[in-house]
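Look for chain A in each of the two complexes below; its partner is chain B in the first and chain C in the second.
Moving on, here comes the complex of A and B:
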């Protein structure tokens, strides 16, 4: 309860600090251009961001579409974080997962061609999910190989550097092995329609909530189920207990017979699998092909921000993902409605995380220090 | 076989050595900064953010100094001071969170890096009306000793000119700072206080050392040095581009891991990371190496060295 209250207070502080910053932006801009100051009201900016998104069915739909992917990339951070490990390689795990999922859908398209439609859908989506999760898990486990229990945060460095390796490798594979020669862009051919995720707006009744023209798919409920499953696993399974014990006190956990290496590999691999699965929301849920532009939103890096905002709790990341989903979508509203640049949203996100980190430290129980 | 022969001639060429030094410059400065923070017991995950802040700071400083009518040399000085100040400012955010509020240093560093990523992009778009990059700042271009008339008159061997005299001032500054940092950390009261604060908190406190102030002091050094590292990035292309640090802050952290707390180790590790990147262009040409993989090479080399070092220490 204290933690939730602290988080809400922190967000209020961040929004106030953001308001001050928004008020200062026009002055900064006039220094650069030498033109007179055109004031921007922070209230109008916030109304454009939140009102513009939450006021329409379309805006809400896009926000929850972003949030669905963010829940999964945030779980990729939250799971290892419970064991005291920082995974900032979500972007690379997402990219590789996306490539594997796309390749699976493209490769199996010919095999299941004549099968009846529902069976083809199950096979294609299922195989894509398995491939994406496996690729993400492998990349996460690779970062775990660099951890040195009790000796600094090597996995931070390794997981981040692996992002660049994954980006290069994926770009290479798409360009030289999976290129759609007709599109004129570096992207793969489209995956078959049977591999696409169904839209929630197709469910009777839900079309009043979600715009049928937006890619809100079954990936969203799947992401929520994943968050609940992780929360359950943390609280009620042996694996979750081992993670929590290692995160709370690595030496005590090791003395109790919990292998630090197994904890590192399993938590980073399962986290990586979540990031890999997030790619399905983008490729199979929205674009229908794989290319650098599909991942331009940097959901992997945003997942880190989301997890930090949710204080690393698997259920805390859900409201955090919704907030960042709204901000993500609000970036375009804010540039339409005000003279502010879209990057103001990045600052708001960073301020929110800084405030939450500060609040977390203030509320933490203090030992003798 | 001819390919290999050609590669060897490239590796031992003065051009490759010069390129490695140039590439290593921001890494050396950032890693030396990280050394001060880490010695004091605060691992500085925000080096990436400080590189970005420093790069933007250098461009903004140079831009406004030019507009105020400063000469090229003075504008360059203002750019460096502004870069260091931006790095220190970000360090103070980290100090407030990690030292003042005793937040987890890694969480605080990640938050500070995100602040820097957002703030540099915002400042870039406000001041220069572009989210992606600033215009070219002429005063960031500086002459190298090899181009000075009296150096040319000396008739030095070509390899001396290319390998040693073809660099900007920040490269020489970085090289000079390696022994300087070693002396500050190991032979001054402040450096020894940092070592104590990072090594044994109880002993440090018993010796009357203020942990908070000592660590904050270490972070001031970290911010200034990493900010200058950012300036080196900006100087190399005379402009700022969004996210131009491209993971170099984390490569500097990897160099710190390999250096194991020693300033000389920082220089050796960063050169080891920089040499393959310096050769990537030639390797691509000689072996018809795909470009996408050549771009990933510096990160792969860093990871490989990190893995080798980790395996050696475990045994």
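Moving on, here comes the complex of A and C:
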């Protein structure tokens, strides 16, 4: 309760600090250029960001679309974090998962081909999900394999560097083996329609909530179910118990016969699977192909920020992802409505994270003496 | 050289009230004085408020009410927010904490100079002068330590000397030490006491807290006894006997130790043959160590700390690789451990008492159902049962284990390890940092387990505790068993000589 209240207060502080910054930006931008200062009121900027997003069905839909992917990439961080491991490799896990998921959809398209639509959908989406999760999990487990608990080698460095390996490998595979030559850009051919995720707006009644022209798909409820499942697993399963014990006191966990290696591999693999699944929301939910859009999205890295904002709690990442979804979408609104640069939203995101992390440190119970 | 009559005490604390954020009253009107040239012991059970009182004096613990006079001058900042460690140091109060605050990578003189480094041309660190200051202080008080040695290469006793040097270099005229002997081997304790006596002779006022009443009798000129946040007695050492101090601490006469039935020795439960184990620095910590442990007996391992006890236990637990030799359990035999550092190996402080009580037992089908889902009801019921059976306080299965006192944490660990129902139990330093009441409870638990037929290997640096409990005693010296005796033919002197390495 206290933590939630502290988080909300911290966000208010971040918005106030952001307001000061917005008021200063026009002056700073015109400084030395001789151009006249065009003042921007922070209120108008916030109204553009939040009002523009939250005030329309379209804006809400886009924000929620981003949030769905972010919940999964944030879980990729939050799960190993509970075991005391910092997974910086969400981006690479997402990229590889996306490639595997796309390849599965493309490869099976010919096999399933003439089958009746519902069965084709189940097979294609199911196979894509399994492939994406497996690829992400493998990449996560690989980061764990480089890590030797208690011997100095570090999962942060391993998972970070594996991002670059994954990005390079994925670019290579797309360019040389899966290229759609007609598009003129580095991307795969479109996956079959049967592999696309269904849109929530197609559900009777929900079309009033979500814009049918936006990619709010079944990936969103799936991500929420994943967050709840992880929270349940942490609290109620042997796996979660061993994870928490290892994260809180690795020596005691080892003395009690809990294998640190198994905990590291399983937490990073399951986290990696979540990141891999996040790619489905992008490729199968939105773009329909795999390529430059996915590489540029940076959802894997944003998942780090989301997990920090959510204090590493599997349910905390849901509101954090929603906030980031709004800010993500707000970045495009703010440039349309005001003369501010889109990067101001990045600064707001950074302020929000800093404030929440600082509030966590300030609210933590102090030790005696 | 005690203070001259009529001279005001160096430190006079009165009416100190400390309340923790949880609402618990830690100190309730406590009084404490320190005099120039004298050493005062501060004793009490765990949770009586000893560390809190010293922390309050030195600005580490916020104080609700109370007065402080230093050298007869009232200190108006005390019991306000502005009474900080920095101000306490400026008033000549130096504290040596139980857990040291040193920078491992820096040298001794750099650590001492930290925060108050002598300058060269006003801007540069003058290491030569810092080194000379350390040399000067260490020769004056017999605090032998190399100013250029990096702190990570020092023993615990040497690190403690560096902490004392730090306080002296800041100009401390009153020095308070919280449990300074808890981490020291007996020879180090002796040299610490020599240093403290030398400091007192030089005019320093000194206070120490300890659990060992023998140390109070050996070192102190006077003693203050705390019980539940109040002063239960203040007496000069000449009038204080350990029995009297113990009575004041517990608020009642200690119960006489009930006589124990002789051991009914059963089958072999553990065999260690020719074991060799390396220490952290690759030294041969355990060499050619052989032991046999039988059901229904307590085998005590006596020895000065650092003679391979920790490495032996860690090797038995599989936490440390062995270089040679064999550890054999009979078919079907099982073994449980109470590790010497319970905060590190025994407990997950952030998890609840209930979750800690099943740590390592969580695989059992009672606690873990199909699909790996934990049976929370069963875990809670087991916790309620064990907490009541072993008198763990507070009896709240959902309290985080870190909030329990040291004695109750140890009872929790012992409760869990005994509940495994193993045929052998290794208890390493089970009474370290534990008060008299909990020590008694732990002793009774061990004896009851022995009478149920459990084979117990008791490793303790407290010789009295070992001799009181063990049916058989082995002395470990430099990683070898150098002497073995049975309880009915104990030769205390021989054991002492063996511990000191004198054949």
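Simple rule for what comes next: the second predicted complex is superposed on the first by the 359 of 369 C-alpha atoms of A that agree within 3 Å, B and C clash if a C-alpha of one lies under 4 Å from a C-alpha of the other, contacts with A are read in each partner's own complex, and residues count from 1 in each chain.
Keep this in mind: a contact is a pair of C-beta atoms (placed from the backbone, for glycine too) under 8 Å apart; a residue touches a chain by one contact, two chains touch by 3 or more.
Nothing here was measured: the structure is a model prediction, and the numbers come from that model.
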So, on chain A, is it clash or fit between chain B and chain C?
clash
Would you mind checking which one, chain B or chain C, touches more residues on chain A?
B
Check the residue A:35 against both partner chains and state whether it touches chain B (first), chain C (second), both, or neither.
neither
Identify the partner contact of A:238: answer first if only chain B is touched, second if only chain C is, both if each is, neither if none is.
second
Give one of first, second, both or neither to describe whether A:360 is in contact with chain B, with chain C, with both, or with none.
first
Touching A:255 in the superposition: chain B (first), chain C (second), both, neither?
second
In the superposed model, only one of 199-207, 253-261 or 307-315 in chain B has C-alpha atoms clashing with chain C. Which one?
199-207
Chain B/chain C common contact set on chain A:
369
Note which residues of chain C are touching chain A in the complex, please.
20-21, 51-52, 55, 60-61, 97, 317, 319, 337, 339, 344-351, 355, 359-360, 362-363, 368, 371-374, 376
In the complex, chain B residues that touch chain A
43, 45, 93, 96-97, 101-104, 106-108, 110-112, 114-115, 117-119, 121-129, 131, 246-247, 250-251, 253-254, 257, 290, 292-293, 295-296, 299-300, 302-303, 306-307, 310, 313-314
What residues on chain A touch chain C, complex-wise?
236-239, 241-242, 244-245, 248-249, 251-258, 365, 368-369
Which residues of chain A touch chain B in the complex?
25, 28-29, 31-33, 86, 88, 145-146, 148, 152-154, 156-158, 160-165, 167-169, 171-172, 175-176, 304-305, 308, 341-344, 346-351, 353-354, 357-358, 360-362, 364, 366, 369
